[in-house]
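In what follows, structures are represented as structure tokens.
What follows is a pair of complexes built around chain A, which joins chain B in one and chain C in the other.
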Partner chain A sequence: MVEMNSHRRMQLYGALLLLPAAVLLSTFAYLPTITTLINSLFLPGFRGAPTEFVGLENYRLLIEDSTFWRVARNNLIYALGTIPTSIALALAMALFVNARLPGRGFVRMAYFTPTILPMIAAANIWMFFYAPQIGLFNKLLGALGLSGVNWLGDPSVALSSVIVMTVWKEAGFFMIFYLAALQGMAPELKEAADLEGTSRWSFFWRVTFPLLMPTTLFVLINALINAVRVVDHLFILTKGGPNNATNLLLYYVYENAFSFFDRTYAATITVVILVVLAIVATVKFAILDRRTHYQ
Partner chain B sequence: MSQPSTAKSTGWPMALRLPGLETTAAWLLALIWIFPLLYAVWAAFHPPAFMVRFDLFAPLTLDNFANAWAQAPFARYYLNTFLLVTGVVFAQFVVCTLAGFAFARFPIPGKDFLFMLVLIQLFVFPEVLIVENYRIASTLGLVDTITGIGLPYVASAFGIFLLRQTFKTIPRELEDAARIEGCGWMAILLKVYVPLAKPTYLAYGLVSISHHWNNFLWPLVVTNSVESRPLTVGLGVFSAPETGVNWATVSAATLLSIAPLLIAFLLFQRQFVQSFLRSGIR
Partner chain C sequence: MNHASQQRIRLEGVTKRWGDSRGVDGISFDVDPGQFVILLGPSGCGKSTTLRMIAGLEQATEGCIHIGERDVTRLPPGDRGLSMVFQSYALFPHLDVADNIVFGLRSRKVPRAERRERLQRVAELVDLGAYLDRKPAQLSGGQRQRVALARAIISEHPICLMDEPLSNLDARLRGEMRREIKALQTRLGMTVVYVTHDQVEAMSMGDRVILMQDGIIVQDDSPDDLYNRPATAFAASFIGSPAMNLVHLDAAGGKAVIDGEPSVAVAPVEASNGQLGLRPEDIVVLGPDDAGLPARVIDGEYLGADTILRLAVGSQVLRARLPGKRPLADGQRCRLGWAPAAAHLFGDDGARRDDLTPLTVSAAVGRPSGDGGHSASPSPSGTSPGIPS
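And now, the complex of A and B:
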């Protein structure tokens, strides 16, 4: 009987320990997720407050909204443009820094430093490169006698410019995970391969790269999340322009909510983002965590 | 490990065997990577006329910093960011310690399900839910306050996860020993678990500090005055291209905002990198 009571007490104590986190998570994660879903079923009223239930009307509007499709396509191109390049560069950086290299400390620092800058600061710095008249890139092109490019103002170039900046910002972060994985690899593998006379190229593709697969998948998940989550740089570089050429989903949510005051439409786009994140989460928990585990 | 060698593996470029070329590539990439930052330093310390004129003997100046400091309330922004970061990290430590402890050691009914629920927050961040979180913040009267910026991040799934993992590795014998000495649960947590989890707190603290020092979108949405804006939002407002602020001044302002974190990073590189690594579970 005493045993039972103490078990009960432990349960109660545990629940009390969880309480602060439970209240905060409910307030700022679960509740807003649910109200977002609900709001997407309403029409906006005064200052965007939901008033009238319209079912899936907002989703019909979304499907007919060419801007939405443009933004969704941009986000896809942005993900395809940033992720493979960042990962390849991160892997190259890690291999460089893992080898005997003169000035290794400096090289590693140079690769990693962009990671700890705020996106806003990074965007400011790249603005000096991209600006049409006084920007460094066009000055350099001018010095070579070439005509300048409107890096952020030309709809066919702007998204690529944003992608390049993002790769610069992200690659160093992914590098450290590859570096840690490389340092954890058994040196015997390399020795065995050397005895066999395996070339470095085939050693990389047959041994290193497969062994790094868990790291690659981990980095990939992170990169996917960042591709829908981080839009800070757009506030400085392009504001989603020109003519939505660089607009991304979360920035479009921001515009709808805080510039057009259409909260229910913003909620509808947010649902799309939540679906994307849910897919990423499912892939991670259902597939990856079953086969690999990190630390 | 014997593998049939294929035409592909023998026929590839000799270049890869030349460490000289690799070293060059590594250094070239490093220079490209650090160049933007060096360029910002150049622009900040020289008169605007030298923005794109690289003259070794260009006069050095601190005028740009003086201008930036005079044109925007950076002192206030520093204070706000400092308060935000310390407040968030402290509150996260408290809330996540309690929850991590509960998940690691207490027989809560439905614990695994609850833990999965917590992990959802690794994907659904406060900034994705800006619209509804703004409404909630305004209902609670938290718009334009530093508390409002930080509160949505306090119950961090990531912190709960990390601390739970750490607490689980601590042997029960230590706990039993403390209990024999008459310690209650709180004393056990504070005297046994927390001290042994110090490296986790350091790692999580550094990651959290960097994240909140750099965070922009949610602070932008929830603040609207100088009194609560952190550095990133202050910098964003200050340097928006349409304000027409001189570029040299913008570089100075940018360096001002990143300097504390950048210097801390350069001094404690190893700890920063280790922290980011340890935190690599998301």
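And now, the complex of A and C:
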């Protein structure tokens, strides 16, 4: 009986320890998710009329919505354009500033600076780079005698311009994780490899890169979430234009919810985003986790 | 391992400086093929730096290093034809034992079939056959050490450098691995340069011990000579457990006496201001009425096979190792004696003084140092003519 009581007490103790996290997660993650899911099954009621349950009607509309597919394709290109590039760049920068070089601290800080800037501030800086008449890039091109490009106004270039800015902003952030992982690696590994005449290239692919796999996996998931999550720069740079050329999923959700006041349709898109993200993350973990060595 | 002519290592005036501080200060020595040479010294004495310069992991600031006929001073580590065992083992955590062992062979583009064949042989040699598909994290400390050894052996380089390879192991395993490494070295005829701060490893494994202090070589000798004829007071204090007693000498009555105990002369007057060194096992404790050096027991430490007594002599403290359990009570008075040959004299600069002959303290003890059997029973009195009283 006493034993049972002490067991119960331990369970209660554990439950109490979990409580703060559980309350926070439920309030700000699980409940909104469920509400969103429910909302996506209704049509909005205008002028005080009650909302109307329509089942999967919103999802049917979504499938027929060409703008949605355009935005989804944009987001895919955006993800493919930003994730591999920023990760490769982050790794290269981390390897560079992990080596002995003069002014190492300064270079590290310089690489990290874009990360400290708020997205809005960074976007404003890039506005100045991209501006058609007085922008830095076009001035430089002009100095070389080339005609300028309308970086943000030309539908065929605008998305690439947004991608370049995102890579600039994210690479420094991911570099910090790689740098931390590199500094955790024992220098004797390199020495042991050197004694066998292992080339730098071979050492990177046979030792450094595999040992960085946990970091790469972490950064990959983060980069994926960011590709869908971060839209602040669109407010400053393009507002999704021209002609939805730079519109991304979350910005489209925002437009639907707060410009077109179609909250239930916004909820529908959100549910689709959540499902896609969950699937991709699961696949990534399932495939990469098996090949990843955790220390 | 049959290029015997390529195995000789020669260091000439090798120096390593970082800014103003000298890590290694112009040291020279030769290592003959097949020799097991120990670099011994306290931490910070430059022994690891010396080893790393031989390996090529550090660049020598001055001097040159030859391996065989080649000047390797500026060669990268991979071109020097040597292997190394690290203190931390430096195993690749993501590779299994087999891949760890053949890592170097893959770097050197050894064909797969030969790799497998050599792996088989080496795994058997270090008794790792059953663990080839395990990751280093799944191995015990001793097994990891074996993997590191296997990696060094499989390269078939004639020279193997070892940087404190046993310091991460517990005491029992260390004893086992000491014997194993020594046996492997003898069997394969490897030339080994072995860094350690552990005098037991140095004494038991080395054909030759190079004792270093503050970046210079203090003594380069066989373990036997290092123990029995230490070149300096530092060498004397570094070897032996407990270490050799070093007591300060003063002048009194035209002779050198132990500081604070002027009644018994221990050395000629020229030895005063220097130090007298006595191995704990060379000190014989005599009865209080015997001839000898007056002393008082401070305390005793019973270790099973023997007892370490701390003895107060004048202002100095001596340790004596006596076999078995000693019934001497704390505070008891006694006399000490030792064979003159067991006494070592060091000048005030710490260097050994072979020009002086220690005096006989107690004629009852005449055996030369190194003989077994400590006479603990009070010797017959009245047979000690040479003893000043």
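Simple rule for what comes next: the second predicted complex is superposed on the first by the 246 of 295 C-alpha atoms of A that agree within 3 Å, B and C clash if a C-alpha of one lies under 4 Å from a C-alpha of the other, contacts with A are read in each partner's own complex, and residues count from 1 in each chain.
Going forward, contacts are C-beta pairs under 8 Å (C-beta built on N, C-alpha and C of every residue); 3 or more make two chains touch, one makes a residue touch a chain.
Values in this document were obtained by computation on a predicted structure and should not be read as measured data.
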Comparing the two partners chain B and chain C, which touches a greater set of residues in chain A: B
Chain B versus chain C as contact partner of A:63, first or second or both or neither: neither
Partner chain(s) touched by A:275 [first = chain B, second = chain C, both, neither]: neither
Partner chain in contact with A:201 - chain B first, chain C second, else both or neither: first
Contacts of A:76 with chain B and chain C, given as first, second, both or neither: neither
Touched partner set for A:210, first chain B, second chain C, both or neither: second
Touched partner set for A:88, first chain B, second chain C, both or neither: neither
Chain B versus chain C as contact partner of A:225, first or second or both or neither: first
Contacts of A:146 with chain B and chain C, given as first, second, both or neither: neither
Partner chain in contact with A:193 - chain B first, chain C second, else both or neither: both
Footprint overlap on chain A, comparing chain B with chain C: 189, 192-193, 196, 198-199, 202, 206, 295
Residues on chain B engaged by chain A in the complex (per definition of touch): 1-3, 5-6, 8-10, 12-13, 16-17, 19, 22-23, 25-27, 29-31, 33-34, 36-37, 39-40, 43, 51-52, 94-96, 98-99, 101-103, 105-109, 114, 117-136, 151-152, 154-155, 157, 160, 185, 210, 213-217, 220-221, 231-232, 235-236, 239-241, 247, 250-251, 254, 257-258, 261-262, 265-266, 269, 272-273, 276-278, 280-282
Chain A to chain C touching residues, read off their complex: 186, 188-189, 191-199, 202, 206-207, 210-211, 213, 293, 295
Chain A - residues contacting chain B, complex: 7, 10-11, 13-15, 17-18, 20-25, 27-33, 35-36, 39, 89, 92-93, 96-97, 99-103, 106-107, 109-122, 124-129, 131, 134, 136, 139, 168, 171-173, 176-177, 180, 189, 192-193, 196, 198-202, 205-206, 218, 221-222, 225, 228-229, 231-232, 235-236, 250, 253-254, 257-258, 263, 266-267, 270, 273-274, 277-278, 280-281, 285, 294-295
Residue ranges of chain C in contact with chain A within the complex: 55-57, 76-79, 82-84, 86, 88, 90, 92-94, 103-104, 106-108, 135, 137, 151, 155
